[in-house]
Amino acid sequence: MLLDARGVTKAFGSFKAVDAASVTLEQGDILGLIGPNGAGKSTFFNCLTGDLALTSGQVLFEDHDITELLPEARARLGLARTFQVPQTFEGMTVLENVMIGAFLRTPHRAEAEARARSVLERVGMMRLADAPARSLGTPGRKRLEIARALATEPKVLLLDEAMAGLTQREVQLAIDLVRDIHRSGITLVIVEHIMEVIMSLASRVMVFHQGKEIARGSPREVTSDPAVIAAYLGTRAAKAAAGHTPIELMGGPAT
Amino acid sequence: MRRTLWLLIALALVVAYPLVFTTPFQQRLGALVLLYAIAASAWNIVGGYAGQISVGHVVFFGSGAYAAMGAYAHFALSPLIGIPAGIVFAVLIAAVIGGPTLRLSGHYFSMATIAVAELARLIVTNTEYLGAAVGLSGPTVPRNVFDMSFISALPYYYLFLAILIITLGITWWMTSSRMGFYLRAIKDSERAARSLGAPASRTKLYAYMLSAGLTSVAGALYAMIFGFVDPESGLGILISVKILIMAALGGAGLLFGPFVGAAILVPLEEISNSLLGGKGAGLTFVVYGAIIVLIARFQPGGILALINRLWAKRRAKPTEESISKEASHAS
Amino acid sequence: MRFSHVIGVFSAAVMSVALAGNAAAQSKTVKIGGIFPMSGNAATIGVHVKHAFDVALDIINNPHPELGNFPLAKNGGLAGLGDAKVEIVYADNQGSPATGQNQALRLITEEKVVALTGAYQSGITLTASAIAEKYSIPFVNGESVAQNLTERGFKWFFRVTPIATDFARVYYEFLTDMKAAGNKTDNIAIVHDNTEYGASVANTIATVFKEKGIPIALDVAYASNATDVQSQVLQLREKKPDVVIMISYTSDAILFSKTMQALDYKPPMLLADDSGYSDPSFIKSAGKLSQGAFNRSSWSLGPAGSPTAVIAKMYKDKSGDEMDDTTARQMQALFVLCEAIDRAGSTEPAKIQAALKATDLKPDQIMMGYKGVKFDDKGQNILASGLIIQLQDGENYVSVWPKASAEKAPIMPYKGW
Amino acid sequence: MTFTLVQVIVGGLLLGAVYALFSSGLTLVWGMMNVVNFAHGDFVMLGMYVAFVVYTLLGGGPLIGAPLATLLLATLGVIVYFGLIRDIMKGPMLAQILGTFGLALLLRYSVFWWFGANFLSLPENLVGGTFDIFGIRIQASRLLAGVVALLVTFGLHLLLTRTTLGSRMLAVAEDATAAQLMGIRPDGMQAIAWAIAAGATGLAGALIATFFYIVPTVGETLGIVAFVTVSLGGFGSVPGALVAGLLIGVIESLSGYLIGAVYKDIVVYALFLGFLWFRPQGLMGKT
């Protein structure tokens, strides 16, 4: 088992943002985390990466307990992530941004640069290598974050809304990129609002509501689960919307 | 290559300065520019590159100054012997206070460093061994050349220049190594840097210790040229602020920023004091204050950043379209 | 023959240049550098000394028959240099030893001053005079009291002012006389800041008194520029010393007076060590709360018509402030320096140095209450001495001790407000 | 002994209230805008000079001086905001230090240029002398400053927590862009915050002038105290500044009396650093 989170709970004061959530991840999975705003999926995500300390619970990575490890130590083990709001290194060029990731596996500058270039090649940003990162727009930044994360040579890549704010064509390009990454043998966890993305990528889905896991299974199973529909729309609206497909309701292709 | 050419020209100018401007005051002014450039460049490592605004760097400055003067005052040794001792002491202090304070974010870090500096000043003021409020004096009549007490500013000038070059060399080496990359990344987003495996706390601590060691060298040199250190001139918070202002004014986080800042501020201060100070109406500081305000208001990145930007404008800038075009092309 | 010819022409040229230089110096002015704090915490000193030096220059550069035998008053200019006028080039030391030294260098090498005076704070006098020593330029100090200044083996440093050991002796003798007059003086407290001035003076006083068999009962040290001194005053109030010796700069002196009033504490005798208690702005701010305070001083107004009274009036007209001890000591140093230059008849540093070494001024030739001015080989004025003045009836200090120069009798006990 | 100790503590509390008074303005702009105002001490100094000028020209005490200082400094706050802060607050923290430090020098030495370097002082009995309660002496001027400190703290706290203006200001502090989307002009709110902060500081200066000396460099002495108070209390927390101010006042008084006055600042800084270790967000700051 690659990643195994058991009974993860994160409380802010008396408020439990995540309440005893568990998840397992096998090599080759693409796990989708979905749920309405404020459902706790981002908090859960940050508990896995080490950005937030757990209130209780345990996280195992390749059977090692990493619950107490700092984010940088988890990165060294092979856990990489992107951010919902891109955290680009503004003062650097695109290439240098990716080199930060590459430096994890080599202390040498030339080696890091070579690796960063090959990652840029892979994600199709080679020509922008020397552009200042701050000149990028949202799509560029999102892609750059993925490139950076790839440069750390991860076993698991966690994508936090990597497609939010992209146009449909850009989303399609991003999906192609994620597929490509998956084909190269990297296991993925994706938090995503856009159902289309989850439907076409995820092999398994976990649904959060009010800090708790309310459903899990294949994308199709989950989207037809009444509890999930109720969570997204409220019970009354769920009845009123009975005639629509669940995908549309959840902000699928119609948006 | 063009950059190298410019660097060589600049270096030639700096080497030639005291031979062109030959009066003792001009030469000393040149030496002081280099001295403050050393201190500000050292500060730049942690304040500019790592973005940790230390306002208490005078602690390290003071440990160098006191070590140099102490070597002479207590052991009748050359002040030069004090330099390594000062470095060791400064690096130790940095290691001890860096651990807890570098965890603090933004303003809290700055405040903590101010408190540490004030604490050091107060303790030294009450320590007889360090001369208490009277301070420690160096050799006024030199016994030999190693007493570093010269009439002419020329020996100081070239010594300071050599050390400035070493400091900038270390800085350059650091910035082009993994550590430098990590520091800049931590400055922009510590969270993202850590997610990519950058050991943020350790990297910052190393930078802090490196910066502390170099700052203490500057302090030792300062004590040598003035032949004196007391709690105000060796540990006064205003020295820290002055160093910080020079780095910020020239361009924090840029290799030559602190030098540019020192080359502007030191002469500005000394010359405006020479012209206006004797009138006794405080006009020096009105002018000085106004200039600082204007620069902060209109050129917050520092003067060198402005020059770099004007320089970069001549290059083509990639646009948003080219990015998405490229992306679609590649996928 | 050709070689000696060249030498001859060369030396003639050198001599004529030298002579021309000399002549130029005589027809022009004698430049003296003055380094003082003109910004920062001690800026008020710089403001006062400028007014005082203006008055001194007026006396030196213009005929002032009303001053009688006072040196340099009769002629317009320095008689020894063909009535050359004296000019002061001021520099602001910004309260920093580093700036003070830079400015000393500038005055010597750029402004070509023939001598220096200043620089108030002992630490700055230390660094500034080190430069003068290196460049072989006379440095005459009128007001810095740190002991070590004259212990450095310097050849170009001269100090006119009395120093801590002198004050300690004055205090001891004064208190002995007061005890003889029936006052209690055995239980002494010293209140001082921990600056170089406060700590060293307090130390010296404690040592001298201990040698004489009167150990100091209570030592209250505090950090200068305090925001509050209540706990120090309460310590005094509790320990009830007979005499409180105050060694404070102006800011703290004002706070102490205000706090003593607020806490209703009056020591039987308050003896201040000059500095803050002599600052005219202290007297304006807190004089009404410090009635009966004794103060160490070497300045006293003297009878009407005396040179000191004339100078004091000129100063008051110029500045609007009463002459105080610090300012007067600085002014005295300038007179001593100019008198030596006049006697040297030259602006050559070595000749001025020689003249300074030979200085021998009598009490009627100086404006201070010293026994005269005469330097030992360390450069310290061995005839420097002090007297005790008291704040009586409002905002004026009057000399009360020793009896020989007393204008009024000392009033006991301390009245406060 | 115990009697003196009570007096020491009472004195410390009154002193602490004064610290709190001149720190409340600093904590407001620091917490709301994340701006470090190195010129804060010099705002206090300006308030003191206003009080002095009012007394010399009109012969009035703090009854006239204090409101006038509040008003003038509030105006200055708005001018400083639009002229300087608005632009530098978007920049790096270094630019803020640079800008406000330059402003400090500019203000300090403009006053120096105008009024000279002499120490000035207001007459002692301007605010009704000193009370003697069972042998404990309380200066009316300090008591007034202490009471005003409490009122200002309370008032600012109410303003921020109970009024629309306050919640708008807090919304801007939380997220300026989001606030703008809700129809709040961040610029206006921040200018008001500066006016309030500078006004409160001016008020503090005018009151402190009744028992302290007045000199252009006085801001340096007071400024650093304000910085420690605000850090200890937590940036942005007005009640925090009050508690921290009182705490520092009492610690200073007690350590000055029991250990020795030269050590009181050492005690304060050491405690402050120790405190930062365990609770970096300050007494009442948010994490």
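Letters A, B, C and D mark the chains in the order given here, with residues in each chain numbered from 1 onward.
The rule is short, and it goes like this: contacts are C-beta pairs under 8 Å (C-beta built on N, C-alpha and C of every residue); 3 or more make two chains touch, one makes a residue touch a chain.
All of these numbers come straight from a predicted model, not from anything done at the bench.
**Student:** Specify the chain with the shortest distance from its C-alpha centroid to the centroid of every protein C-alpha atom present.
**Tutor:** Smallest offset from the overall C-alpha mean is found for B.
**Student:** CA centre of subunit B versus CA centre of subunit C: separation in Å?
**Tutor:** Those two chain centres are 38 Å apart.
**Student:** Let me have the rounded angstrom distance from the C-alpha centre of subunit A over to the C-alpha centre of subunit D, please.
**Tutor:** For subunit A versus subunit D, the centre distance works out to 47 Å.
**Student:** With chain centres defined as C-alpha means, what is the inter-centre distance between subunit A and subunit C in Å?
**Tutor:** The computed centroid separation for subunit A versus subunit C comes out at 76 Å.
**Student:** Give, as an integer number of Å, the spacing between the C-alpha centres of subunit B and subunit A.
**Tutor:** 42
**Student:** Hey, what residues on subunit D touch two or more of the other chains?
**Tutor:** In subunit D, the residues touching two or more other chains are 109, 112, 117, 216, 262, 265.
**Student:** Can you tell me which residues of subunit B touch two or more of the remaining chains?
**Tutor:** 122, 125-126, 282, 284-285
**Student:** By the touch definition up top, name every chain pair that qualifies.
**Tutor:** The complete list of chain pairs in contact reads A-B, B-C, B-D, C-D.
**Student:** Considering only the defined contacts, which subunit A positions touch subunit B in the complex?
**Tutor:** 49, 51, 70-72, 75-76, 80-81, 83, 87-92, 96, 99-101, 103-104, 107-109, 112, 121, 123-128, 131, 135-137, 139-140, 143, 145, 148-149, 151-152, 169-170, 173, 176-177, 180
**Student:** Under the definition above, what is the set of subunit B residues touching subunit A in their complex?
**Tutor:** Listed in rising order, the residues are 176-178, 181-182, 184-185, 187-189, 191-200, 253, 317-320, 322-324, 326-331.
**Student:** Which residues of subunit D touch subunit C once you look at their complex with the stated criterion?
**Tutor:** Interface residues on subunit D, with respect to subunit C: 1, 4, 7-8, 11-12, 15, 109, 112, 116-121, 124, 130, 132, 137, 139, 142, 211-213, 215-217, 220-222, 225, 252-254, 256-257, 260-262, 264-265.
**Student:** Quick one: which bits of subunit B touch subunit C in the complex? Just the residue numbers, please.
**Tutor:** Contact set of subunit B toward subunit C: 23-25, 28-29, 32, 122, 125-126, 132-135, 137, 140-141, 151, 222, 226-228, 230, 232-233, 270, 273-274, 277-280, 282, 284-285.
**Student:** Taking the touch rule as given, give the residues of subunit D at its contact with subunit B in the complex, in rising order.
**Tutor:** That would be residues 30, 34, 36, 83-84, 87-88, 91-99, 101-110, 112-113, 117, 216, 224, 227-228, 231, 235, 262-263, 265-266, 269-270, 272-273, 276-277, 280-282 of subunit D.
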